[in-house]
Amino acid sequence: MKATNRLEKIINLCFWLSASVIAGIFIIIIGYIAVKGFSVVNLDFIFTAPTRAGKEGGISTTIIGTVYLTAVALLFAVPLGVSTAIYLEEYARRKSRFARLVNLTAETLAGIPSIIFGLFGFVFFVIFLNLGWSILSGGMTLAIMILPTITRTAQEAILNVPHEYRENSLALGASKWQTISKITIPSAAPGIITGIILSIGRVVGETAAIILTAGSSLGMPLSLSDPVRTMAVHLYILALEGISLERAFGTAFVIVILIIIINYMAHLSLRRLSHLSS
Amino acid sequence: MANDVKIKSTDLKVFYHDFQALYEINMEIKENNVTALIGPSGCGKSTFLRSINRLNELIEGTSTKGQIYIDEIPLYDKDIDPVNLRKNVGMVFQQPSVFPMSIYDNVAYGPRIHGVKDKAILDEIVEKSLKAANLWNEVKDRIKSPATGMSGGQRQRLVMARVLAVEPQVILMDEPASALDPISTAKLEELISELKNSYTIVIVTHNMQQAARVSDYTGFFLNGALVEFNRTDELFVNPRDKRTEDYITGRFG
Amino acid sequence: MMEKLNTMVSTSSCSILAETQKRFKLSGEQFIEKILMLCAAISILAILLITLFIFSRGIPVILKTGLGNFLLNLEWAPTSGNFGIGAMFVGSLVVTFTALLWAVPLGLMTSIFMAEIAPPRIDKILGSLLELLAGIPSVVYGFFGLIVIVPFIREYLGGNGLSVLAGAIILGIMILPTIINISRDSIKAVPREYKEGSLALGATHYQTISRVLLPAARSGIITAIILGMGRAIGETMAVVMVTGNAAILPGNILSPVRTMTSNIVLEMGYATGDHQAALFATGTVLFILIVLLNFIANLASKAGRVNESN
Amino acid sequence: MLSIKSKPVIILILLGAIMAAAFTVSGCGQQDAANSSEKTDGAKLAGTLTIAGSTSVQPFSEVLAEKFMDNHPGVQINVQGGGSSQGVAAVISGAADIGSSSRDLKPEELEENLIETKLALDGVAIAVHPSNPVTNLSMEDVKNIYLGNITNWSEVGGKDGVITVVSREAGSGTRGAFEDIVMDKQEIAKEVIIQNSNGAVRTTVAGDKNAIGYLSLAMIDNQIKSLDIDGVKSNVDNIKAGTYKISRPFLYLTKNQPEGLAKAYLDFVLSDEGQAIIVEEGAISPQ
């Protein structure tokens, strides 16, 4: 759309300007992390365990801790979230007040600060269920934290599946569940995956909730009942307790790389699935 | 060609919440014949069509009184499983909507959900159904490619192939050609007349010339009532009811 | 042509409906529906459990100090027993709205740029950069602010740098991804015919954007702003480091401020008894505030959906 | 071409159900993380020990735990943070074997009659920007700065400039000691800047030439300068001698007399080897 008169050119300039400001902000922040943290990041920073409370050594146990905790959180939240979305969109009478109430609370919880989830996890999982500081307590607390996001994005995705698909499938004599599992979910998969990516981002960046439930011990987690320190918590302690700011930013740099990998893999699977939904 | 009655409706009434869409429909549809249902939009012809495979139940708040029989078996008995019923009563919709899968998977979808696992049998059914729908020659070399890249006419024939793959006895068609160009419509009508002697076909259409061309019997619906039902040539040449005559001569509706 | 069809027909041996009556069992379907209902019940239980947890800990203190007193009293001195979160309630709103003041216009301009003006490649790159921005832990934003933004404000704008402005800048950056991505998606979701219809009438690209696309995407954009606001109010780690956390009403944009979430994070590690309960009460107030925001967002998006045929 | 299979969806659902079952089973049968089941036959120790509490003590506990685990490979020590109150709550509820606190216990916490073991002493330094000409302040000056009575460095012999007063959040161990010793129970002014950790205080003071803050002596490095108080240098000897009065204890708390693995660890901490580590990490040995 070629900008014809002068006004159009100015508006065009404003748009390009605002986009470059956003890109600028991004580059400054990522650049800042890289400059501050890059000197520390090398292969053995990633593969050796921290020593002297993180002053020395690498961050291997925290990387494994992050992967463990994210896996446990997703293993609880994704099946539960997607099933809830399927139930609310396909089985429950959607207009029922009950379903609307659930949607409202779910949306609200998405805005609640994570320290409150941490306290709930501490009281309920760590103390009441006597699971102690562990991957299990942390994983389940994080699962509850990301459950609203996964459920809501899954509901939106299911809503967007064209109604004709269901009708055609049923008309072929498919049962309700066959229609859902073979047509509705696969077509809604891209939307569901986007919800999962957002949730992974939140879990990887989380600190307050994890400190109170999964603990912050530097040891190598061996079983579900061991406490664990994730990279974000490690970064938090290194920075706030003034142990080492360079290592804190080094950890941040590794987190950024981890997020890039997760997003890339997700977009890859999205592209493979996207040509499915016409 | 056995001319006994395949589908019979007795005092069939359908309500959407408190709106009555159909009033006491009594109709007998012959086996291996094409029966056309015509009438102005909103006259209840689609509602009647969708009550044969109980797809009306999808819409919240619908209720059906009276009965429909296929081979003397009452469809609205409480122990009839609508899933199995629809296996035997295929349906084609106005919008040719293909599943977001390959052409092969689209056609194999029906047999797969009814338990056919063996690849060889599936291949055979897919080829047979695509040939029966006059689509095989156009797609046989790109059968594994996504079905979304097909023209409107091809899509509708793919939907037909999908329905045939389930080997139904009855095929319901809800204005199948309204979204197609003239050439695809002609191909579809030719296909319908070919399938006639193997299936009982009921087609809802706005297009009276189409009804005249493809159907053996025609029913004229108006405001939820079956005004007249007769052999197609009889009904179009000398309609008994004045309202039918006004409609088919295009004075209203 | 005829024989082929018959062979196909004869394979289905018995009469069509006899088969129906024989295998009429729905147990498989009902079993799956029960499992889905169980999962729904578990997640709903989890959501209600945490909601009850927040209210059960918070409500007693609110009742004891009286909602008005609790909300309006500016005096927060937990050790000497008076709990007034007035200063912090105002603090949260001031920081959040200052953040929205700059992040929303810039975010909307960028989302329009990405949806309508930018070549697809730039749209994709900017989109994934923003996804990256959303994944960075807020502690990093906190330290970035403390080491870069605070000294900058102190140098050129005065005050000691730890201020409403620093908090607003950091919060603004953190909610940009939410605002931009959701607005861009809602602009892109506007049916193509709207755009083509307007262009066909000779409207320029920008007239089309302002008169047709934005009004049609209005509900999505409002939802994006409200969700961004919800995220901003709920943010804790980054804000704590850059706003100075003085428990007073901020005089101007350069004076320090403490938000409700900062208050919770700051003192929860050490609080016990009534002090801890008061922090929970702050959580309850936050919960109610976010419910109101989401309610407005839903109303706005529903209103938008009414006039837009989808 | 990805052919759509319904199996992954069903697997996902079953997985969720299995996890739910695992959580209930492990929930009840969960061996109590707190009971340090240990065999104390001679040097060979085994079992797990959980220490939770103050974030200031956490780095010291981790280094001590690392060394203790080297000496006794069978032992697993988990060190958690969360703050002094969390530590006290955890040891009372049994979630942790040893609680850690960087402040003296509050009255209601004392009622639980926990056993205190002082593992270290940590000086609280009054820090300013290195370029600040002031090198000494009286206790009275510091109190008045934090009460808001003194607002400009020129009033205490420095260059003209409004003082940026930096303090810690209510309830922090460092603030507790500062309030008891310097403020003698008077309220710190409300306009004062609050940061929620030693690291944040250090970075704030390091970035503002007019700032004054207090933080753990162990944190002093070239970014900031520690002031003498009433002419006494803030170093280990003066703190031990008591002439530098601002300091606070690092405490390990146990529900009753420590025994078994907890006792072994506490003995190690108080041993010369343990105390050497504490001094090396920047705190002061109480002996």
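Residue numbering begins at 1 within each chain, and the chains themselves are lettered A, B, C and D in the order written.
As a convention for this text, a contact is a pair of C-beta atoms (placed from the backbone, for glycine too) under 8 Å apart; a residue touches a chain by one contact, two chains touch by 3 or more.
None of these values were measured; they are calculated from a predicted model.
Chain centroids computed from C-alpha atoms place A closest to the centre of all protein C-alpha atoms shown. Ranking all chains by how far their C-alpha centres lie from the centre of subunit A, first place goes to B.
Ranked by the number of C-beta pairs in contact, the top chain pair here is A-C.
Our note on geometry: subunit B versus subunit C, Cα centroid distance of 47 Å, whole angstroms.
Subunit A and subunit D have centres, each the mean of its CA atoms, that are 31 Å apart.
In whole angstrom, the spacing between the mean C-alpha positions of subunit A and subunit C is 14. Multi-chain contact residues of subunit A, defined as those touching 2 or more other chains: 79-80, 83, 175, 178, 182-183, 186, 239-240, 245, 276. Counting partners per residue, subunit B has 84-85, 88, 101, 146 as the residues that reach two or more other chains. Across the assembly, subunit D contributes 4, 13, 16-17, 20, 55, 82, 86, 196, 200, 203 as residues in contact with two or more other chains. Partner subunit D is touched in their complex by these residues of subunit C: 35-36, 39, 42, 77-80, 143, 146-147, 150-151, 154, 160-162, 240-241, 244-248, 256, 258, 265-273, 275-276. Residue ranges of subunit D in contact with subunit A, taken from their complex: 2, 4, 6, 9-10, 12-13, 15-17, 19-20, 22-23, 26-27, 30-34, 50, 52, 55-56, 58-60, 62-63, 66, 76-82, 86, 93, 95, 196-200, 202-203, 219, 281. Residues 51-54, 72, 75-76, 78-80, 82-83, 122, 126-127, 129-134, 136, 140, 178, 181-183, 185-186, 211-212, 215-219, 224-227, 237, 239-243, 245, 272-273, 276 of subunit A are the ones touching subunit D in the complex. For subunit B in complex with subunit A, the touching residues are 53, 55, 58, 60, 83-88, 90-91, 93, 95, 97-101, 109-110, 113-114, 146, 148, 159, 162-163, 166. Subunit A meets subunit B in the complex at residues 93, 162, 164-175, 178, 182-183, 186-187, 275-278.
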